[in-house]
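In what comes next, chain A is part of two complexes: it sits with chain B in the first one and with chain C in the second one.
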Partner chain A sequence: MSRAIASLPAQGWVGKDARRRRVRRPARAAAVPLAFLLPVLVFAVLFFVYPLAKNVQVSLQDYNLSSLYTGAAPYVGLRNYTHLWHDPVFRTAVGNTIEFTLLSIFFQLTIGLGLAVFFVRNFPLNALLRSLLLVPWLLPLVVSGTVFRWMLDTNNGIVNRILLDLHLVGTPVPWLTGYHTAMAGVLICNIWIGIPFNMVILYGGLQTIPAELYEASALDGAGGLRQFWSITLPMLRPVLTVVSTLGLIYTLKVFDVIWVLTKGGPANATQNLTTYGYQLSFGGLSRFGAGAAVGNVLIVVSLVLSLIYLRSRRSEGEGR
Partner chain B sequence: MAARSARRSGPAGWTRTGIGVLILAVMLFPLYWMVNASFQTNAQIALPSPHWLPIGGTLSGYRDALREQGRHFVTSVVVALGTTVLALLIATPASYAISILRARGAQAVILFLLVAQLIPGIVMANALYRIFLPLHLLNSVGGLILADSTLAVPFAVLILRAFMVAIPRELIEAARIDGAGSIRVLLSVVLPVSRNAVITSALFAFLFAWGDFLFASTLNLGATDSTPISVGLYSFIGAGTNTTSWNSVMATAVLASAPAAVLLVLAQRYIAAGVTRGAVKD
Partner chain C sequence: MADRVFIGRRRLIGATVAAGILALAACSSSKGGGGSTSSGSKTSPSVTLSEMDYYGTEPTKSALGTMLDSCASQVGVTIKRQVVQDLRTRLLQLVGAHSLPDLVLVDNPDLDQIAATGALVDLSAKGLSTDGFYPNVIAASTYQGKVYGLASGVNDLALYYHKKQFTAAGLQPPKTWSELKADAAKLSSGTKHFGLGMALPATEEGSFQFEALFFSGGADLKTLNSPQAVSALQLVSDMLKAGSMPKDVLTWNQANVEEQFANGTLAMMVNGPWQLPLLKKAGTDFGVVTMPVPDSGGTSSSPLGGEVWAAAQGSKSDKAVDVIKCMTAAGNAVTWSKMVNYVPANQSAAAELPASVPEMKTFVDEIAGAKGRTVDLGPDYPKYSEALWTAVQAALSGRSSPQAALDAAQKQAVS
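Right, the complex of A and B next:
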């Protein structure tokens, strides 16, 4: 989630520049802006275009450990992809990715919204408390993962100790080592990490709702709950769309948290597409072709989702 | 907004503060638990009843952490600073060209950078590994800086551009009339005015690079000297469910979170700007 902010500046910007750019200039004058743009163009080609093209190429090859040294990797057509289709681990990873993503977003969004509604009212120390709530989101993901690994430890972790002391469970829960409980374990950590981001963005959205709406509805006798359903939620819809789509795109590729907590285990119970892609390429077998294929599947899914995202942004903008 | 806040504040205000503190306590409990464990002895940590305060604690966790992880910490600082400098060197002229010089194709560049941010890191790592191998950039600090820049450059361009677009044209025109060239305008007009945006993008470039684990654990897999603290921390616990030295693991985790905590305190408003910019205000 740590990069979740990264694409936020997307919104509504495309129009502004288009309007500004209408002036025609002679060729020489156009060379100056291009010179300033050159570093980023070179960077984009070297570090985005080329790697992505290379990844597509490799996904069509039988690229393994020896290929790294000999450079020889026979083309195998779509075989990497057809293998994935029949690969039970890949199918498990797809199912896990969907489960992990949907549950993460649901809880991050509802808890984040609850906190935003709470903090949008003015009270002493509000700003200080809000900024301290950001800390979980700024931490390196490996740190968060490590701390949760310790807290969720079956025998020694604080979570099980509290649960046992309160007699909520009779035996320690194997949060990260049990086949049926590991998904809950990684979800708890990932939800915790994502709550601050959701809260901050939704808080900003709440602030744009005119106070008059609440005042008018209060005069009509609407209570707090009624106001939430009839004013807050509908008015917040555009922001909710943005946050959930960004959440979707970023949760799909979560790696650090799962890798630190469970490495995708036990028995692939928490394996998602990213950890599986990692295992194929870097897990000792160096099956870079297969790993690239998994990565490309992930890219296609992300691209489709981002198109939906950009489109929903645009139609929201036109609607206003 | 102001009217609304005023309307909502009332005598119940401090009750809400109390609830807010409780929420904060729950949300930040993992951090407290990390700091708490980092000061305890491993014998204390292993006791069946948890120590809620690090009383009778020890600094040996930190001694171990510094001995084992000091190098990694320094590497992290170098990589994060290098990424910040590189990202700004690329992003500043780019956003200047896009927003003020109105370069052709600016829209395409922006759209491209937006999409580039969505590319899963594992895809980049997979490709960069094979690209870096023949160039001898694997297991090097320089290679890691280049890889981490792919996280920082798009974000920096978009943040800086959003800010520069709002700079009054009159300011630029006035400098032009005084005979300033494009570079001069950038250095003595645009950059000073954009100070806040530069700080925000630098901050996030640093945090992205500092927090990176995926690139470091793939591209620098074989290096013990040039791995950052994220990998150092991971390999501390990666050996298995070895819980004999949780205090030094937690001390390392505290060290690894130190920059984020310090930056949050020192530069809180820039972080808020980075999170919310463009999210809700078009």
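Right, the complex of A and C next:
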């Protein structure tokens, strides 16, 4: 992979450089790495560590409107968390988040992979079409969301118009307004947005599979499907792990799409953890402690997934 | 090699500084928008008051600026105005930083929450008279017996109808719920025409609109599952199931409803007076009647809408109160109300309005019976409101019956 090759000379350069300097000025040599680290450390502490610590602190307090002004918020231990545990809306939000994330990832991956395999072949306009497919990824989410809101409109939307004209449905589907169908509506939009990312990364992964493998297998009489299962998929596994883990982390915290399409409605049918956390803190309730607790739950889940991601990257590196 | 290290470091610092400047620029540009300043009286050293509101679209954006300027020069101050779209969240942030602007024009249901933090000035203690104002308007700005806000103009919801569609069907605008239901059914056909539309999204806007029926039916917010409340939700649910109201009302906001009414898709809509200029511009032939009431009788009502002026605690609060006094004086209330199509909060000014703006008559007639959303519940209103819009959505999206939805809402609200 090009990444591995590129990193080799860089490592050599750093190593040689450090050795040379150590001979001449030892004290300065120790200070230089620190100086390199300093801006990052300051940045991380200021913009990541402090807000995270503050969020944990707020989640242990009864932090409400008057706390904002007086600064006084009594510590209530884990009460915000136990309240959430018994809160039916929170449970709905957890269920919705899992459903939304798993289904998004599944469809984004399979469709993305299908398109990637398709674009590996040589055909006219390949590059042009491939760049056009990137458009969903480039559009601001609010724009995509708003367009989908109108396309999925029950009575005026183009989606229902087409379905009705093709006689696929008898009555308009309440994409964003039915309790049992709204999740499908937001999923359609989110899957559409996520496909290009999956396609691009998987396409890159496909390029690294040596053509000889396919030639050899063709000589052994393997057909296209067999090649896909026995060569493409196994060779692509590391990339698939990376894409799906990144996808998981992105999808868990989707806010814009749901907010623009349904605001978590109807009746919490599309409420996920991010929209519910926002609702608790800023949606009028001003229960900042509870909102922070929801945020922390989400952070812990993302953290666990990130660790899995880092592990898989490391084992991938060892494998080479 | 050492040079390289330092270049790298300098670059990093440069990048950090640049990012900081960008962030600052982003902040200040988001604050900007309606910068309007005026020089104070010639003699005294000018006091500068900061002001925030959410009037970000023309023509009201500059209209408000002009009015503020004239009041500023009357009081002898300079006003530095900022237009902030998500005003409520911004104000809460500023409350936390103890740096609220001296003057704010805030949506009336948000007032109690900000007042509850202790960041606002009690206007009655500053000698601001509430004589001549509608008592319900004052009640909506009162928190724990103290008046924290004063309105120039207020608004309410009423029923708009297409005159042509009604004459063609030989109908009169509905006065009762059963007439509303019957008329809406007659004026609906398939998926192209609907009798009634209103905005019922999963936000405060959804509660606000539903409350027009809720209050007209005699329900009150403290008991979300009262028989009156259930019958109001039953009415909406029946009309939606009968195809007299589109399912899309669950995602529409009030502007979307206005568009659908203007293009003829909706024969009737629940909406406020601020839609009048748009409808006139679209050339729609419409009439406005007060909210229908249950067949057993009742008074047309509506939630009270509109923004109120409030002043923050601080050394400049006296001057800020003077500006509020000027902005809410009868003359200015009429000017302001004509500009934004509101009802003056001052009773005598309101009574004179229909003479010059006849289409405002229905809204003026109904305003005395309009209910402040925070009157009974104070800062707890948002909790009840969220429970209410969730119940409306649950009943209309086919999740549960109106009774079950409102029972759950009441349970959620008091928990």
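Criterion: the second predicted complex is superposed on the first by the 282 of 320 C-alpha atoms of A that agree within 3 Å, B and C clash if a C-alpha of one lies under 4 Å from a C-alpha of the other, contacts with A are read in each partner's own complex, and residues count from 1 in each chain.
Throughout what follows, contacts are C-beta pairs under 8 Å (C-beta built on N, C-alpha and C of every residue); 3 or more make two chains touch, one makes a residue touch a chain.
Keep in mind the model is a prediction, meaning the values are calculated, not measured.
J.: Could you tell me if A:R149 is touching chain B, chain C, both of them or neither one (first, second, both, neither)?
T.: So A:R149 meets both chain B and chain C here.
J.: Just chain B (first), just chain C (second), both, or neither: which does A:N268 touch?
T.: second
J.: Chain A residues in contact: does chain B have more, or chain C?
T.: It is B that touches the greater number of chain A residues.
J.: Using the superposition on chain A described above, determine whether A:G284 touches chain B (first), chain C (second), both, or neither.
T.: It touches chain C, and chain B stays clear.
J.: Is A:G112 touching the first partner chain B, the second partner chain C, both, or neither of them?
T.: Neither: A:G112 stays clear of chain B and chain C.
J.: I'd like to know which partner A:G194 touches here: chain B for first, chain C for second, both or neither.
T.: neither
J.: Just checking: does A:S66 make contact with chain B only, chain C only, both, or neither of them? Give me first, second, both or neither.
T.: Touch status of A:S66: second partner only.
J.: Output check: A:G247 vs chain B and chain C. Expected answer is one of first, second, both, neither. What do you get?
T.: A:G247: touches no partner chain.
J.: By the touch definition at the top of the document, which applies to A:V32: first (chain B), second (chain C), both, or neither?
T.: both
J.: Output the chain A positions appearing in both contact lists, the one against chain B and the one against chain C.
T.: Comparing the two interfaces on chain A, one with chain B and one with chain C, the shared residues are 17, 20-21, 32, 35-36, 39, 43, 68, 149, 153, 156, 177, 282.
J.: Taking the touch rule as given, give the residues of chain A at its contact with chain B in the complex, in rising order.
T.: Within the complex, chain A contacts chain B at residues 2-3, 5-14, 16-18, 20-21, 23, 30, 32-37, 39-41, 43-44, 47-48, 50-52, 54-55, 58, 63, 68, 115, 118-119, 121-126, 129, 131-136, 138-144, 146-151, 153, 156, 158, 161, 177, 192, 195-197, 200-201, 204-205, 207-208, 211, 214-215, 239, 242, 249, 252-253, 255-256, 259-260, 274, 277-278, 281-282, 288, 291-292, 294-296, 298-299, 302-303, 306, 310, 317.
J.: Within the complex, which stretch of chain A touches chain C?
T.: Contact set of chain A toward chain C: 17, 20-21, 28, 32, 35-36, 39, 43, 65-66, 68-70, 88-89, 149, 153-156, 172, 174, 176-180, 182, 261-269, 279, 282-286.
J.: Show me the residue ranges of chain C that touch chain A in the complex, using the header's touch definition.
T.: 1-2, 5, 8-9, 12-13, 16, 88-89, 92, 95-96, 98, 113-114, 116-119, 191-192, 194, 201-204, 246-251, 265, 379, 382-383, 385-386, 389-391, 393-394, 396-399, 405, 412
J.: Quick one: in the complex, what on chain B touches chain A?
T.: Result: residues 1, 3-9, 12-14, 16-17, 19-21, 23-24, 27-28, 30-31, 33-34, 37, 45-46, 48-50, 89-91, 93-94, 96-99, 101-107, 109-131, 133, 146-147, 149-151, 153-155, 157-159, 161-162, 165, 182, 186, 204, 207-208, 210-211, 213-214, 217-218, 221, 230-231, 233-234, 237, 241, 243, 246, 249-250, 253, 256-257, 260-261, 263-264, 268, 271-272, 274-282 of chain B touch chain A.
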